[in-house]
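What follows is a group of structures, each given as structure tokens.
One chain, chain A, appears in both complexes that follow, with chain B as partner in the first and chain C in the second.
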Partner chain A sequence: MAAVMEQSTMPAAPEVRIRNLSVAYQTSTGLFDAVHKLDLDIPKASITAVIGESGSGKSTLAMAMLNSVTFPGSIRSGTIEYAGRGDIVTFDRERLRRFRGEHAAMVFQASQDTLNPLKRVGAQLLDLARSHGVKDKRKVLREARELAERMALPADRTLTSYQHELSGGMRQRVSIIFALALHPQIVLLDEPTTALDVLSQSHVLEIIREIHRERGLTTLLITHDMGVVAELSDRVVVMYAGRIAEDAPSRELLRRPLHPYSQALIRAIPRLTGPLDDAQALPGAPLELRQIPKAGCVFRDRCPARMPVCDTGTPELREVAPGRRVACHLEVTP
Partner chain B sequence: MNYLKFLAKKLLGGLAMVYVVVTFTFFLIRLMPGNPVLARLTSLLQSGVPYQAAKQQVAAMYGFMPHGPLIVQYFDYLGQLLHLNLGLSIAYAGVSVTHILMSAAPWTIFMVLLGLFFSFILGVAAGVVAAVWRNSIIGQSSTFLATLLHGIPQFMLALAFLYLFTTEWRLFPFGAPYDAAIHPGFSPAFVGSVAYHAILPILAYAISGYGGWTLAMKSSVISVLGDEYILAAELRGLTRGIRIRYVARNAFLPLFTSLTLSLGFMFGGAIVIETIFDYPGLGYLLNNSIGAQDYPVMQGAFLIITAAVIVSNILADLLYSLIDPRIRRA
Partner chain C sequence: MIQVVNLQKTYPGTRGVLARGEVRALRGVTLDIRRGAALALIGESGCGKTTLGRIVTGLEAYTGGEVLIDGANIAGMTARDRRAQFRKVQLIPQDPYAALNPTRTIAAALFDPLRLLARRGGKDGAWIERRAVELLRLVGLDASETLYKYPHQLSGGQRQRVVIARALTVEPEALVADEAVSMIDVSLRLGVLNLLSQLRRDLHISVIFITHDVAAARYVAQDGQTAVIYRGEIVEMGPTDDLIQRPVHPYTQSLLSAVPVLHGLEQAGPDRFIPRPTEQGESNDSSSCLFADRCPFADDRCKAAHPDPEPWAGAPDDRLVACFKPKERKVVAVPLSGRASNQ
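Coming up: the complex of A and B.
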């Protein structure tokens, strides 16, 4: 967590700068924002976690960051600028293709089948290398083998396997190998441990942390697990209904969450020790896209600290301390 | 070792199936009303031929007398079958069924194979277009055309072709597989004549199959396009060419089985098309033999169809394991 300290003392230029980003989904009853006017800086060489319930827009945000929001969704407005590369929203098809995998790569959910079932893992790695014009393809394979071994996979067997011959945990590690194969600077992890058992989970997280440090990666971690946030991230962005509720260094947020939603998320974590009743579920359900109110605070219906102003005034995301932002009408002191 | 065991099991199963089908056809065919041999015998008797002489004459013509109980005839037939003897035709008295089938088979194989080839290649390509560009005018017209052609019954299409291209506009010949004035052989004139006469049936066969392949491939491609690994391939920045190859190969799998089965059914001939165009293939033969109550030819034709479908099915199983690694299990 040394990165946290460095960051707060001397903020570097962000690796990714997102401004006024809105991603909307077209439905039969109209256009609805899954991500709404979002501003976010992702610092270089840090692990930034994005946490929220299902439907909070966190996965949509990750997809938008690769400009790959699929129909019926689309980026409605905003810019996503990568340091030295420009705004990905304006990239043409070929530039976008080269950017994906080469500069920014995604690790998919463990439950997903992200490999062509008819081709061996090694052959697909070669497809990846060929697609990005890599000259030394054997180096790609060699590094993939090294990564596999580090992740406790039998290297040769893995590369000559088809997807169906690998277990869920193995596939997840293979997905990490694919993401790292071309040495991207930015890695987006979309719930990388959701479908794994606890032991595989901690192993995968350990590997992610190690490689992140070694390569000085800028990592974005999408999760709904506060435990993963605590274990891995330098910084955490709490999302609700497509908006940022709170944005803070992880340790500070875990110690003292300021937004009622962050507080509720932390209260909901069951502890291994102590009475189970200590964990309190957040009442109510996350909003569906079309239920999101146009005016006022989007969280007000589930908020224990609701005030009259919450019905009419939309809370601005304001900086309450250096590197710490909260969108709430409450007077908060960090 | 395991592979041989697998193959032996498949072949044994296939033989059992052939036996069951042979038995069924034998009895089913004889359930049809009328008896051509007895009819012949009666007509000989009526024309004043003595019974013994008439009987001998009929026996000589057809090779058997249908007098014994059905079960005896059945075992007699099976016994002959074991010696690969399919018997003699009734309609073409005295000609062996094997000979008749062998002379009809090349026409069917030539015509149907080409028709199937064109309809499959074009249909699959059109299916990819219809799926990948399904929101554009190109994809939608491809789907529209396929649905339209798929909806037209084969016999109507064939009749329309026949009427338009041989009668209304005399562009193509009709009624024979080649020009009777040309001596059969491997001369350019003969080959050209065969091709010229085959164009209409091939076209009719190809067009009537095209729509089905297009629609099948379209739905298969669409389902593959929604698969996670295709999105993953896009997010890894794989080139469009590589991605299309991923999609095509995966989408092709379900069609492969239908294709091999169609190849098997090819030996049944294209009954409708061959009959309408008077094309002397297996389908034409089968249709005529039913009309003439030519039991041995019918049995022979059904036997060929059965064997071909079963063999192609086994072949499909074997080949499938080559193209889909998930099936490749001992």
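Coming up: the complex of A and C.
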């Protein structure tokens, strides 16, 4: 708690510092940026959420943060500096292999695809420990068992299961166990609850919150669900078409979104209370890579506040208040 | 329009290395959906809601009970008659990406069923195209922009609208939408939800909306009924908004408590509780309340006897609840007053 308080008063050096990051995909019609000239600091011990729809570049960003972007994608420019570790973009294969899992680990969206179908969960955990040169393998198993129990998984049964013997919710929890096995400092969660129903989701979110606090992790959460953002994160980065539209403390964003896209996203949430007409769908659809305009604001085609300048001038991501950044030509007062 | 009476579905167990016991997906569900009415079926994965949707669209057989469409019992019919009955009930599947053939244009997808209808009704080719354009307009798409495109050229929301248009080609009396928006971008979901409720009003067709997302159910079944399903049984049923605001079954309350609170816009309901996760290896013992293991309010009676759905004393005319200790709890988030406007 003390660490968190200290941080809010004096900005400590960020745990991850991303500068001018562009990640492009090579297609038959050209090279397109899925993430475009992105600057982002991720503060230590925070839960930062990145929210966006399909094509927003949020998953590409997560992959880039482990330098795991695969062909036809590639990191075109920029740096991703981890405190005390250096710029991961420059790492060679062996350094990357060690870095992933030991320093930063990822929980993938389709976690069933990340487990080996031919090996029992426990055996895969041991493989992981072995490949990272862990001496005390028993400890890895013991901790996994403890975690499993906390997540309401039958520990022995889980470790002796094959992945197909587990339900979607169980697999998701197992992949969290894997991500935490080597005690990373940074955990990246890519849509950790999207495949789950609402009850499993609330339980998994609770576990993430607890473990984040206990281990003092720096957590990055990739999601499309504003509810998950509101429940879990301290801070939220709204992405659209590979760029940051807005960046704010989560409650502030929900209370008073400044970018027209954030406003529209929040207004489009089906709600349990209040008049049904309060919720409004956004016109248009998210942009595909090749549709992203080279100049001007990328959101202009769906924007209710479009002005002539939006067609030509690219809005800079500017700080409008401490900890709040907005990329919009509109005059905004937080 | 659609009636199901004491509907049961049991998947047989298997023997051998991968032995598993039989699975009772539906344990006697009774529902009556009138023409033009909306019904939301909510529950978590594996509760049987999808099975129910597949049975009433004729995609799956049932093992007990009755299904009546327009008053006619499906059981005694010839295959031909049954097909004709089930044509009135069309399924909107969850994944619009998988539901459309990627190598065929939208026109091809719509023309096939229309051609069948045209042949039967003695209509010509021009009618087919006219009807396709009309259907696309009905689901909010511009035919000149979509008709000759391939599915990959459309957004998720547009694709789901095409799937809905295709379901409408055979002029159904009911649509069954199974998690119809969960694969669609959030900014487009509300549009599809509103479309379903608008089609219901304009075309006077029934809509059965299957989901685990209670908020989405509210938008489709706003003036209809919602049934909460737990392990193959209806545990609570009532008018949608009333059920959401005043849930009385602890399971309904768990589902509603699990909905994320939009901190900053709203605060948690005063009675919200953290629902217990699914127990593994739940018993098939139906001599107790099936929810008793997970219920924070269960007592000895709940473990000794099985509650049947009964009218709730608080709203005897329109609420059924299967619980020995029904109690209203305020678990839904409350909007913060003085909320700053979005604009």
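Convention: the second predicted complex is superposed on the first by the 322 of 334 C-alpha atoms of A that agree within 3 Å, B and C clash if a C-alpha of one lies under 4 Å from a C-alpha of the other, contacts with A are read in each partner's own complex, and residues count from 1 in each chain.
Please note the rule applied: a contact is a pair of C-beta atoms (placed from the backbone, for glycine too) under 8 Å apart; a residue touches a chain by one contact, two chains touch by 3 or more.
Not measured: the values here are computed from a predicted model.
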Problem - Touched partner set for A:Tyr162, first chain B, second chain C, both or neither - result: first
Problem - Which superposed partner A:Leu128 touches (first chain B, second chain C, both, neither) - result: first
Problem - Per-residue contact with chain A, leading partner among chain C and chain B - result: C
Handout entry: Touching partner for A:Ala279 - first (chain B), second (chain C), both, neither
Key = second
Practice task
Please indicate which partner A:Pro117 is in contact with in the superposed arrangement: first for chain B, second for chain C, both, or neither.
Solution key: first
Practice task
Classify the contacts of A:Phe108 with the two partner chains as first (chain B alone), second (chain C alone), both, or neither.
Solution key: first
Handout entry: Partner chain in contact with A:Leu253 - chain B first, chain C second, else both or neither
Key = second
Practice task
Kindly classify A:Gln291 by the partners it touches after superposition: chain B alone (first), chain C alone (second), both, or neither?
Solution key: neither
Handout entry: Footprint overlap on chain A, where chain B in one structure and chain C in the other make contact
Key = none
Exercise for the section: Under the touch definition given earlier, write down the residues of chain A that touch chain B in their complex. Expected result: 66, 68, 70, 97-102, 105-106, 108, 112-119, 127-128, 130-132, 162-164, 178
Problem - Of all residues in chain A, those that touch chain C in their complex - result: 53-54, 151-154, 157, 167-170, 196-203, 205-206, 224-228, 230-231, 250-257, 263-274, 276, 279-282, 285-286
Handout entry: Contact set on chain B toward chain A in their complex
Key = 227-229, 231-240, 242, 246, 249-250, 323-326
Exercise for the section: Using the touch rule from the top, collect the residues of chain C that touch chain A in their complex. Expected result: 44-46, 155-158, 185-191, 193-194, 212-216, 218-219, 222, 244-245, 254-266, 274-281, 332-335, 339-340, 342-343
